[in-house]
Every structure is written in C-alpha cells, then in structure tokens.
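Remarks on the structure that follows.
Chain IDs A, B, C and D follow the sequence of writing; residue 1 opens each chain.
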Amino acid sequence: MNQRQCGLARDDKPHEKCAVMGVYGTPNAARYAYYGLYALQHRGQESSGIVSCEDKRFYKHIDMGLVPDVFSNPKDLERLKGNCAVGHNRYSTTGQTHLVNAQPLVVSSYIGPMAIAHNGNFVNSGELRNQLEKQGSLFQTTTDTEIVLHLITKSKHEKIIDKIKDAFATVKGAYSIVLLIDGKLYAVRDPNGVRPLCIGKKGETTIVASESCALDIIEAEYLRQVEPGEIIEIDDQGIHSYRLDETAERSACIFEFIYFSRPDSRIFGEKVDKARRRLGKALAVEGEVEADIVISVPDSSNTAALGYAQASGIKFEIGLIRNHYIGRTFIHPDQSMRDFNVRIKFNTVKGVLKDKRVILVEDSIVRGTTLRKLARLIRDAGAKEIHVRVSSPPIRFPCFYGMDFPTKEELIADKLDVDQIRDYLGVDSLKYLSIDGLLNSVPHERGGYCTACFSGKYPIKFDDQFKKFQLDNGIVTE
Amino acid sequence: MNQRQCGLARDDKPHEKCAVMGVYGTPNAARYAYYGLYALQHRGQESSGIVSCEDKRFYKHIDMGLVPDVFSNPKDLERLKGNCAVGHNRYSTTGQTHLVNAQPLVVSSYIGPMAIAHNGNFVNSGELRNQLEKQGSLFQTTTDTEIVLHLITKSKHEKIIDKIKDAFATVKGAYSIVLLIDGKLYAVRDPNGVRPLCIGKKGETTIVASESCALDIIEAEYLRQVEPGEIIEIDDQGIHSYRLDETAERSACIFEFIYFSRPDSRIFGEKVDKARRRLGKALAVEGEVEADIVISVPDSSNTAALGYAQASGIKFEIGLIRNHYIGRTFIHPDQSMRDFNVRIKFNTVKGVLKDKRVILVEDSIVRGTTLRKLARLIRDAGAKEIHVRVSSPPIRFPCFYGMDFPTKEELIADKLDVDQIRDYLGVDSLKYLSIDGLLNSVPHERGGYCTACFSGKYPIKFDDQFKKFQLDNGIVTE
Amino acid sequence: MNQRQCGLARDDKPHEKCAVMGVYGTPNAARYAYYGLYALQHRGQESSGIVSCEDKRFYKHIDMGLVPDVFSNPKDLERLKGNCAVGHNRYSTTGQTHLVNAQPLVVSSYIGPMAIAHNGNFVNSGELRNQLEKQGSLFQTTTDTEIVLHLITKSKHEKIIDKIKDAFATVKGAYSIVLLIDGKLYAVRDPNGVRPLCIGKKGETTIVASESCALDIIEAEYLRQVEPGEIIEIDDQGIHSYRLDETAERSACIFEFIYFSRPDSRIFGEKVDKARRRLGKALAVEGEVEADIVISVPDSSNTAALGYAQASGIKFEIGLIRNHYIGRTFIHPDQSMRDFNVRIKFNTVKGVLKDKRVILVEDSIVRGTTLRKLARLIRDAGAKEIHVRVSSPPIRFPCFYGMDFPTKEELIADKLDVDQIRDYLGVDSLKYLSIDGLLNSVPHERGGYCTACFSGKYPIKFDDQFKKFQLDNGIVTE
Amino acid sequence: MNQRQCGLARDDKPHEKCAVMGVYGTPNAARYAYYGLYALQHRGQESSGIVSCEDKRFYKHIDMGLVPDVFSNPKDLERLKGNCAVGHNRYSTTGQTHLVNAQPLVVSSYIGPMAIAHNGNFVNSGELRNQLEKQGSLFQTTTDTEIVLHLITKSKHEKIIDKIKDAFATVKGAYSIVLLIDGKLYAVRDPNGVRPLCIGKKGETTIVASESCALDIIEAEYLRQVEPGEIIEIDDQGIHSYRLDETAERSACIFEFIYFSRPDSRIFGEKVDKARRRLGKALAVEGEVEADIVISVPDSSNTAALGYAQASGIKFEIGLIRNHYIGRTFIHPDQSMRDFNVRIKFNTVKGVLKDKRVILVEDSIVRGTTLRKLARLIRDAGAKEIHVRVSSPPIRFPCFYGMDFPTKEELIADKLDVDQIRDYLGVDSLKYLSIDGLLNSVPHERGGYCTACFSGKYPIKFDDQFKKFQLDNGIVTE
C-alpha cells in the first residue's frame, strides 16, 4: 500500500502535493468529504480542511494535522452544513507552510462567496500574481491557488461558467481543481491532464476525488475520470460538461503509477495495482539477477516486488517489517545510534534474510539516504548479497507540475551515475527500470505521460525565470 | 506484520495484555526503555510508562496513550534519570481501566522504593489479596501486580533475592515480570513459562524485553530467553541467575506464535516468522482447495498467507489494502453505510479479486464480525469464490493467563460449528488448522505449549471461583 | 479596576471592541507588543495576535484566547522577528467570530505586505465593500478593517503616505488604527477622535497603544495622544505627523471614562482614575440618600464608589468579594440553584452588610440581570436597605462606533423607566447620573464627547440602511 | 479579597496548604464539592480532586491545575456518582509535587475502599511511617496523609469509629481531615484546632468545608465549626459527634485571620473580615504616622487597609491596580526590564500617588522582594513619602503545622531587624503590628492561637529530628 507515515525517513521519497474532494447533492456532503479525505491521507498529511455551502452561507473547518485529528470532534462536522462541500489535504513539509495556506481557500466577492481546493501547480503564477497585484488585488496567501479566484472575479463575462473558462484560459500548468461557486460544484483538469481527478456516484450524490479509493470508502460507484481540459459543473440538474478552448497532448504524471496513488485506486481511468505490477515484471526482465528471494520496501513497493517475483520465479518474502505507529513527535536519540531513523520505522526478519541473496525492490530513489541505511540493516541480518531493483528510472530533474522533490542538488541521480549510487548504497548490484520499460508498462489507451523528472522533457512550457521567481518570492505552489 | 491499530475493528482479535522492558547499566536507561516500548507498541496501546532509578530515587512518567504520545516531550525522558529503568505498555480496552492501574507500579517500603511491571495473570490473586487485606495491607490499584510488592515486603527473609523468591513461591499463574529494587533490576518468568521474556546486551548494558524486536531497535544483541522459573538479577557485577523452587512442565502460550508477537521477533528462543510460515504451510495441507490466488488479512496474517501460497503453489496476491492512519477519534457515520467499520480500515484491490477464486488466510477468529464484513467486501469486488483458511484452531475457551478475549458467549466457535461459522461469514468454504497441525508446526526443542483456548486443557490449576471472584470484584489482571 | 473576566455575567456590561498596539525601533518589538496586549487584555479576550516585520518579511502569530494562552510558548515570540510590530486583542462574544477575523490582518500587495489592526467601526463599510467587490476585489474576512487595505492599494497616489490619506478620506466612522507598511509603522485616529490612542517612548523605541497602561508595563514614557484626524508615521528618522483633510468636532467616547479603560490609564490625554472619581462625586450630589455604607460592584466600580464615599462622607466598605479564578469552561448547575451565575463570581461579606443601609455603586447598567441577582444576594446578607447609584446615565441607544451592546430590545432602559428598573432590581431606590452631571465630570480642555448611547445624538452621520446592511450581511465590525 | 493568583510574585507570601470539602446526602454530592473547591481555590492551586461514593464503589477525578481546568468537561462530574463525596485543593509550589500526591487519596482495604483529604501536617509522620514500613506496609505517596489510612486498617478495634479514634490517637499535629469510609462521611479536627473546618446544611445535605465561603456558593447555611478534637460522623441518621480522648488548649492558626482565609468567610466560628479590619485599626494605633492617603496591596490587604484608614481618619485610596489575567505560562523578559515581575501584576495609579505621603498597608512580609519592587513603583509614580504598615508581626520561625514558608534563611525578618528591612525596602518608615496588638484584635471567646511563626512558641511538641527527617526523606506534608 502506498502509505507514507508522518514524520520520519521521507527523504527518499518525492512528496505528492495534495488531494481534493468535492461532494454535491446530499446533506451528508461534509461527512462524505471527510471520509474521502481520510482515504486520501497518503496524498497530504500537513493540513486538512472542508468547506461546505448551504444557501450561499459557507462553513469552513481547516487545521494543521492528519484528517482524524483535524476532525476529532463530531461537532466539527455537524457545523459544516449544506448539500455540497469541497475538501483538501495538504502535503507535509518542514518549510514555510502555515495554516493561512491551508485549503480550501474561501473568499467573498460580488459573485458571492467562493471556495477552491487545488492539486497541482501553475507555471505562470508569478507573472499573473504580479499583474493582479499591480491592478490593486490583495492576496491573503502565498499559494498560487488564490490567483484563480481573482481571475474569475476579474472576468468580464456575465455567466459564471464563462468566468471560470476565462480564468482557466489564463493559468498554465498542472491542476486538478474543485470549486464551490453560487451553490454549484465545479471540477476542472488542465488540458494536459497531469494530475488525476475522477467522478463517482452514490445514489443522487455526485463525488469528485483525486483517486477512486475515496469513492470506495463511501461506497460510491466509479463513473469516469474528469477529462483533460474538461470543466464539470454539478448542480440539481445533474452533471454538465464544458471544455477549455485550449487543447494539448495528454501528459499524465507517470509517478502516480509508480508511487503516489494507492494501489487500490483507479487514476487516469486505469487501475494502479495492475500498472504497478507490470512495472515489477518489466523490472524483472530488465534487471535480471540470480538470487534466492525477492523482498520489498514496505508498503509502497509491495506490488512491484510481487510483480518482480512472479515474472522472475524467485520467491517473494517479507524481509522487512514496518512499524506503523510512528507519531509526529518521536524523540530522537543522540548520535550514538547509527541508522536509528531507519530502525524506528523498519526492522529486518532475520530468519528470512540470513545467508540469502536478496533482491530488494524499491519504487524510486530520491536522495538514497534511507535506502543506504536499509541496505546496512539487511546486511547486518546476514544477507549474503543485496541487489537493489528500482521500479522507475533515475530521478534527475525537478518537477514543476505539483510534485515536491528536494532541490536538484539533493537528487542522488543528478550527481552520481548508477555504479556510483550502487557504491553509495553499499549493495552488490543496482538496476533502475528504463524510461522505455516504464512507458511500456503503463496503459496508453488514453494518451501519453509526463516523464520530465526522468527525462527533462517538460510538456508544459514555462518561462526560464519561473522557478527562480518562485524561490525568490517564497511562493508555495499547490 | 503483527500490528493492531487503535480504535477499530479489533473485535475479531484477542488482546495481548502488556509488554515489559527493563534496562540496566547506562545513563540512557529510560531512553532505551522508551525505544523498546515503542517497538512493543503492538502488545499494548492503552497506556505506557517508564520508571527509572538513580541513587535510590525513582523517577516516573506514565500516561494513557500510545508511546510517542505519552513521551511527546523530550523533557519527559530527560527527567527519568539513572542507569536503570523498567517500562510497560498496557493493552487497550474500553472497560474499567484507568491511569491508576497503568504500570510500572511504584511503592515506597522499608526496603526502599520498588517498581514493578507485569505481563500475565495470577490465578490466585483473589485469595492472596483477601489475605493481605485482612492483615491490614492497603491497595492502591485493582491490579493483581500490586500483590507481588506486598508479598516481597512481608517476607521474613533477610536478603532481597530471598524475599523475591518467597513472593513468587506464593503467586501462581502466568507472569513475565521486571522489578527495580535497591538499585538492581530483576526479571522473573513463571515456572510454566507462559509469557515470553528475553535478555539482550548492548555493550555493558543489559536489556530485558517481552520480544526481541525491542532489542533490535536499540541495536542490542539477543542473548537468550529468561528461562521458565528463572529469576534474573542484574547489577554492576553482571547477570545472576536464580531458580524458583517450583518446577513445572513448560506451557508457552502458543498464541504468541499465531498472532501476538511481531514476525521479526524471537520469543521462547524461537523465530516467530519461521513458525508462522509453517502454520501457513500446514494449513495449505490440511485446508487444500482449488483456487486462483491466496490473499491475507493484512498485516498480521501476511506471513501465514505466504506460507500457504508457497506450500500450495497458488499465487500470493495483495487483495486487501490496509489504511494505517486510523486515529483514536474517528467520527462514525450513521447506519446508512453498511460495513463502514471495515471499509475505514480495509479496501479491496478490485483488479486482483475480480472473477477470482480467492483463498483468504486469517490468523484467528474471535467473534467473526469483522471477517464477515471483509468477505462481503471481497465478494463486492467480484471474487467468484471465497475460501477462508484460519492458521489456528477454533477459539472456544477463555484464557486465564493474560490474554484478553471477549466473554465465552461472544466467541463464535463456542456457539457455532465450522459449517455454521462458514454460513455466518458467507463464504464458500472455511477450514481451521487442527490442534495437531498447530502443535506440529511450532518448535518443541524447549518444551510444550499451552493450548487452553483451543482445547480447554489448562496447565496451571486454579480454583473454580477464581474467575467468578475476578469478575465480581472488578479486578483487572495484567 | 476595570476588569472583565471571561465567560460569566457579562450581560450587564457593554463590550469594548479591541485594543491595538504598535512598536517601532527595537529587536524586542514583538515582545513589547505582547506585554502591551497583556496590559490591554480587558479590551478584548476573544483572540490576540501580533505581526512583526523584518526586511519586508512579515511574521504572524494569532490565535483565539487570552494573551498568555495565545503566546504560551516562548518560541511563538522568538519567531516574530524584526524591529517593528503591530498587535491586537479582540473582544469576546458568542457569535459568529472566528479565527479568520482575528487581527492583525495581513495581505500581500504590489506595495509589499501590509498589516493592520483596528479598534472602532466604519459606518460606510457596507457601501465601500460593495463598490470594491464590484471592482473585482476579493475579501478574506467579514471585518470592515480589510476595506482600508483595499483602499490603500487602489489609491492612484504615488507615495504611501498619500495612499493612506486617500484611504482614510474614504472611510467614515470611529477608528484607532495601526498599520505596518513598507517597514514603517503608522497610527491613525478618526477626525472625531472617538477611540483613544496614545504614543510613548522607551529610549529609541516608539510605542503606540490604546491606553497608557500598556506603556507602563514596559516602562515606557507617556508622550501624548495621537490627535483626532492625525496620521503618525514612524521610521528610523523619527515620528512624522500628517493630518487628514477632513476636520470634525472632537467626540471622544465618554464610556471610556465610565467603564472601558483601566483606571490606571490615561486616555484622550486625561487620567481615567481622576475622571471616574469625579463621576462618583457628582453621583453623590445628584443621588444623595441617607445610608450607613457605600460599597461598589468590584472591580470596575471601585473608583466611582470611592468618589461617592468621599463626597458623601458615608463610609466606604468592601461588601462584595469577587472571585477572579473564573475560567472559560465553568460547569453550571441545574436550575436548582437560583442566582448561581452571580454567586460563582461574587460573594457577600455578611458582617459588613448585616442590618445596614447600603449604597451600591455600579458604573453602568445594560440588561440589569446581574445587578438584580446581586441585589438579592446583598438582601440575603441582611442589608436593611439597598440604594443603587449608577455613575452613568441610562443606556438607551446602540453604538455604531465600536462598542458592542446587546440589541436595543435587550437594553433595560429602552423598555423601562427608572422606577420600573428599580422595581425590577428589587432595590429601595435607584439613581442614575444625569448626562449633564456626566459631562461636567469629565475634562473638556481637548474638546467634546460622544454621548450617543445615552442621548441618541450621533456625531458621525450614517445612512439609515447602514446597520440593517451590517446585520443582513453578517458583517462583523471591529 | 484574599486571592493569590497563579504563577507570579508569590515570594512575599506564605502558602496555605490545601482546602478540604465533604458532602453527604445528595445525588449532587460531587457537584457541590466542585463548587465548594472552586470557592476555596485560594487555598490551593496546584491540583484539585474529588472522590465520590455510590454503593461502596468509588469514583475519582483528580488532576493538576485549577478547579475549572481539572473539571473542564461536564462528563468529569457526571461520572462522579453517588450521594457523598470528598474533595481537595492542593497548594502550588515548584518543588517535588506530583499527580501521585494529589488528593483525595483512595485505597482499597478489607474495610472496603477509603478516601481521605487532608489540610495540615503530622509532626510524628516520620516515625509513624518508619514503624508502618517496618511492619510491611507499602506507601503509594510521599504524603503524610496516607499514614492515617494505614493506622485505621491496622487498628484492632471492631467498629470503624473506634478504628478512626485509634488512628487519630496516634498521629500528632495539625489536621482538618475528611474521610469517606463504608458509605459514611467523617470530619476530624486535631485537639489543638489549628486548621479551620466548618459544617453547613442545605436541606437534607450536610457539607463540611475549610471555610464558610464554600457553603455560600452552594447556598448552604452555616451551622458551626467542627470543634478541636471532634470527630463528626455523617450518615443517613444524621450528624454524630465523637471526641478524641486527648485534649489540648486551642491553638488556632492566627495566620488564617491575617492572610489565608477569604474575608467573606467564617473560620474558627468567627468572621474573617471583622478580625482583619480590627488588625488594620490596631495597626493605625501602633503605627501612627502623618500621611495623605492609605493604600493597600490588593487584594489581600484591602480590608486591613480600610480598617487603618477608618481608625486613622486618613483617606483610603486605590493606588495600585492588580491585573487578574495572569496565566501559568507568562513569558518573561530578559534582564533589561527591572521590576517586571511586579509590573506584570501591579500598576500604579499616578494621579492618586503623585506628591502624596503614602501609607502602604500589607498583611505580611516573608521575603520582602516583591514589596521592595512595589515601593519602587510607588516612588516612580511620584509619591513623596512611603510608610509601610504590616498588619502582622515579623515572621521569624518556620511553621510545622501546615503552612509553607520558604526556608528560615529566606525569611527577611530572620536576618534583618525592622530598621534594616525598612532600608532594604527603600521606604521612609516601616511598622509591624505587635504580637500583642495582633492577639488583642482577634476574637478569644473560643480559645487561644498559635503564633509560632512570630514567637517561636510551638503549641504541639515535636521531636528535634522531625523537620530534618522530613527534609532528608523528601516527605511532602499536607
């Protein structure tokens, strides 16, 4: 399962930035949003929030923390009245994130109150913000999400749907967005379709969610994905579909298949589990090696490891046990305990590993620090050989479309070649899945993928100064 | 992995009652106890506590909650000065447990202050308590643990070790106990050796723990188990071993292999993972059935399921995803959502289950309510057939040695036969592992096992009125 | 002392709406703001916040609660870096106030970030907000304070001071405001000078505060008040004074002398204690009655009662003891205990009251419910006669300039004449100070006063629909 | 009012050690105890607790903190079922006090469960504890209170009342105690009657409380005090009175009149307010001085200051304003702000003090540090002369009967004579009330007083090693 627990040893993983939920057509709207956000916890653990709407009054509850902590009091949910709601989980980082940036964002305007929740990143946010500020707009947050609300309000069009189209014709980037305006729920995906967003039904109720596992938990039925460049409008008359004028080749984030999404979800209309197993199988072909057992780094690499074992005929074993009780406030030891950061999270099953040639399947490597310690643990448990197999290519480029890597300098594959990484990890062999192997393993019926973090080929263009501007202005992107 | 998360759907599992830790010979004593308790979190989630000792002064920090929550402030640990410490996790129940019963227990006496932590249950606690009260003893808790301290103090012997022997000659039952008295650490196991307790070394430091995974986290080396009927005394001169006069046939709790202990632990001197896999293999032989895939109820049944798959040659798959974010205060829906209790914890991987004949491996069944809902979820995901295979026999008798079942009336196997249980679960077939199959799968080099919960054969005798007395007097046993 | 504790029996008092603090010229800026807000706690108990500024970066800490609770962690203050800061306390009410409305308010704009804290109320906020929204402005709060920031940003003037002038030429009403813009601290008072605001110095540091008691706590020297219609700009060059173009007759809120301000403060350039004592003396003349003792409703009426005793020659006694431990979460009894709300806060000193003719001095009456219960307590303690003397006239009109009364319907003097109120209170006689007596007691060197709540004469004009608009739109005024 | 707020500037005051409450004969027993403890908050701010009894089941809620914080959740009270209850407030100190020592104390014994709450101190606790421990008794706390429960249980008598008599024949010292045993409520005062304890009635309900203000808050009627050496037994048949065999001359703690008790209370059968006013009057005679105004250190010296003003004919004024919002966690400034500890709590009213010759009435001086800073503040406010008048004699001896002074070395009157103290305080003159003046001011109808802290004459004898033992063994006395 694709589960990243809070607080520890996440330095070897990129961070997904946010989950969104929208519910329309039930007095349980906020409640369903809550359960959905709970199922989407893996996409963001820093803050969580829900805004509901009843008769143009908005109700809002947002706080820092995990979903069950933010909504620990049943009254918090009861206060969120109304038959529609939007919700948001925000990812966790140590940096400059604060309650004020937590979403959904609510503003008051002449259209009435508006709420927005966003998963993604606008690549022209800097210039748009500059323009808007020069026109006298005030910003309450440092998120790029707020820009959308200003653009909607500034639009000269009469009808709200046209204002929304206007706004999304202006922003560029990767975005899966839900909006509450004038008693209606809107769901929008960018023309490239980078981030996932799907629609489900539970009786008369319509649900929009980042991944389908949020539908399962409330026993809703999966309908379809929101298409790239589509604007969905949901009201009492049903679901209406509009198109953004701009078209673009689909560039779905391939990392969603590799690591982000839960294996029990559908994204981009496809089953994650199936794709992830195929990654493992392809890896078994590309990274063949003689060994006694295949183990995974639990839980996110379990499915790929199983695929590897099945394709290679080598026995799948549970060689690492993961401790799920980790809380936010773990007290760390002094320097005397080497590898403690990893030990607090993982333990080896010595009977499984002793005297064995071990294939260790990992879904991705960012910095490599955790994996290095894990390898040491496995070696200490008596493994004779360790062969690391990674079910994705080396990560060498930053993501500007909503995924949070450390800086380029911290990406191990930016500095070292595969042999050097192998030596750094202290393992006997290391193989990454090739970009071709990766692309051949994921479904292509619905279009292509963004592989920028591996290939450096960025499907959505941005100004060179974009990232610089972001950093200089301390702008946080969703 | 043997992980029982807080708050939900535990009605299908027995509850282990407590973990103990003891550390001697380092200024980091409390800190090591803390990490050890953290690794032993699965044995008790209700309360946690540590008592340390410096120059006959005792320092104590105990509270309700998980280990990281109880010790959320680094100062809590810093205050626990001294080079020896004992610690305790208590299991979680809804009943009459309170902070006052949380352990370690500390008293002041003419020997000086004493601290105790206990995993187990005394079967003669009622009469002992009565006797002591009649002699004018006051009790501060409703636990049976406190009796030991009274008995030690009442002993006429001069030397502390003889007082301790005296006390343990009087109590009967199952116990793994750590004591801090007069600057020394003691570890005691009952003559039958029902509950596990092991010893480890990290440099000059000696550690005593319920399971060896608590040694791994602090990079200590596994030495051996404390033997049944052995009293270990640890001071600056080293480790001294004494024997209780009473001898008994070893009756180790076989449930530790089935479910309680972590698969990466050693207990009773043996590797849990290895035994648990053999249970799965034996089950594959006894419970053979034609099917397409083997899945487990994660995480506690993973190892047995893997064993089943290996022995049967049927493919192991991940068909259920478990959500580990569950907090203590989850807000529940109204009645409209059937099976919500299970959905909040598990989701099905539809691509794995659809149109498949599924073998579902579970380690044990207590009430059956959760498993029934899980079966329904699996069916909803499209499984053609569901064959439940349980890697232990039907639980039909209460445990008086420290394991917490619901009342006999709530044990499904007490009321229904296997066919009826199958019908209740709504599955196509159901097979339990036989008692013989169970006994043949676990190591016997070191002696026999207690199978009372399956067989009704209680190796340690108790008065008929014992349980009645317990219930009538609201006595909580450790 | 003018102290209104949290949570109980405030129904007999109007609520001041907020305190403001500004500090410039010391690395201790946030720290001084904190101590000042602490001294101004009586002006607002709902929320507290500070925004500091270092090199155009803003640091913000705001939360619901009393000042010591909001800033309970020293790190909260340490994070507020920079040599200038503004702070705000918000009054407590049960209504629709939320964290989002807590101040200081921060926005980002093309001028850079701006922070504002406000004590008062704009009477044309409704139309201004409407106009701004129609121009596409988004609002993040429901406070009228936010309007100022929009107006500053929209101003066509080049220089910031001119933008600020522009903005305050547009808003009408009562306001004492502090602003942080472009590394400078601004302090503004409305042309009528309704709310107090004063300036102090501590070495090189300049402090602006609602009342001078906030200067005393940090050992700063009182300089002068900010004049009505004055804009103060504070930077490294010193204090610069500008004037709003509009002029108006001074209409200082006379209630500040009666009840709001602390007796140890200076407001409007005058000592509160002195004025308040003169109110008591005037009341002794107007409300002469034969009696044995004068007692006050502690603590806010102490000074007036002392004045009454001195002028009348009747002995001042302490007949009521006030409990200051009241917390926010007091558990209330069922109906069986009559007058409990008052008993929890006050107790009678029976030896003082028994068989005495008692003059009870109270500063003001809003609903009369608490005073009625107090009279009953005093009667129960054996008082022969009770003569209530109120050191202000009957409150009969709402305040639109920043004071929070209950609705007009709840004002007892709106429904009942003085004799009827006396009967309602169950006392032997009741006298209010006359408006003339009130005006003759306060200093007039610096101009006139607003007595609208007593006389209905509103010095600042507003549209009839103003209040209606406020209510309809749920707008909260500062 | 006799109010000592938490956390600051208490170094000039002795600390009362605890309040006790007992309620019998109403399903509201715990609720009444709660309100009573709330009224008695000034006698102890560290911890608060209530134990109730229903059908021999005990319910307990105890925690660190103020009464409203300990009982912040209405459910905490609802859980405390039954028609009788005992309660306790414990004083606040920085030392070695912990939750485990918080009262009421509950134990289980062959008599059934017992609960005890204690205000006072046993002077033979060391030897008693030694004896009991040697007999094998275990102690759960470091309080001397626990000894009583052991003695009751050890008594050879048959009837409970005889066991209680037996126990109190053994302990020596000052004690006002409430006990819950076998469904009955007991109240006991030591033969010397050092600490106060009174009885009240509310319908069929009997209430026992340290001071009568706890009766007032629940509208109960004051009946009488529990007499020195009396044991009160309360059950369904009513109130039964027994006598301890030992008799002694009454030695009521005279400090209760000077400072501890609330002025609206009766203690030892007498009105505190009346006695305290007479102290002020006597002080006016003994400490006559020409001056313009009399002010008090609020709130505890208000009544004495009023008495002084009345007797001297010098005008009473409010020259110091006290801030009651002080919380537990105030963040302190660095060294730069001299006298901050006092400024955070007090401010001067400059208009009152400027150019005046000021008599400052204070009830007692322990260390003198706060008073010294206060004098400096008053001087800074422009006072021409400061004459300190203390309504009690110099404190020169420790109290062994339940009052908590700093060590003898820290008592300023132990080191300095009156002239030296005057110089230390930096005031123009200093006069203490003489012991004779003190004794002549308090009522003598019911017997004599303990003046040990002033005179060194200890009415209850104790072994020389008593205090040493206490200190050496870290024993905390109630």
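Annotations
Methods note: a residue touches a chain if its C-beta (ideal position, glycine included) is under 8 Å from a C-beta of that chain, and two chains touch if they have at least 3 such contacts.
This is a predicted model, so every value here is computed, not measured.
Relative to the C-alpha centre of chain C, the farthest chain centre belongs to B. Note on chain placement: the centre of chain B and the centre of chain D lie 48 Å apart, centres being C-alpha means.
Centroids of chain B and chain C (each the mean of its C-alpha atoms) stand 61 Å apart. With each centre defined as the average position of its C-alpha atoms, the distance from chain C to chain D rounds to 37 Å. Looking at chain A, one finds that none of its residues touch two or more other chains.
In terms of which chains touch, the assembly is arranged as a closed ring, every chain touching its two neighbours and no others. Contact between chains, as defined at the top, is found for A-B, A-C, B-D, C-D.
Across the complex, chain C meets chain D through its residues 1, 3, 5, 28, 31, 34-35, 38-39, 41-42, 66-69, 71-74, 77, 213, 216-219, 262-264, 271, 273-274, 298, 302-303, 306, 310, 315-318, 321-331, 333, 336-339, 343-344, 347-352. Put simply, chain D touches chain B in their complex at residues 60, 100, 106-110, 130, 133-134, 136-140, 142, 146, 149-150, 153-154.
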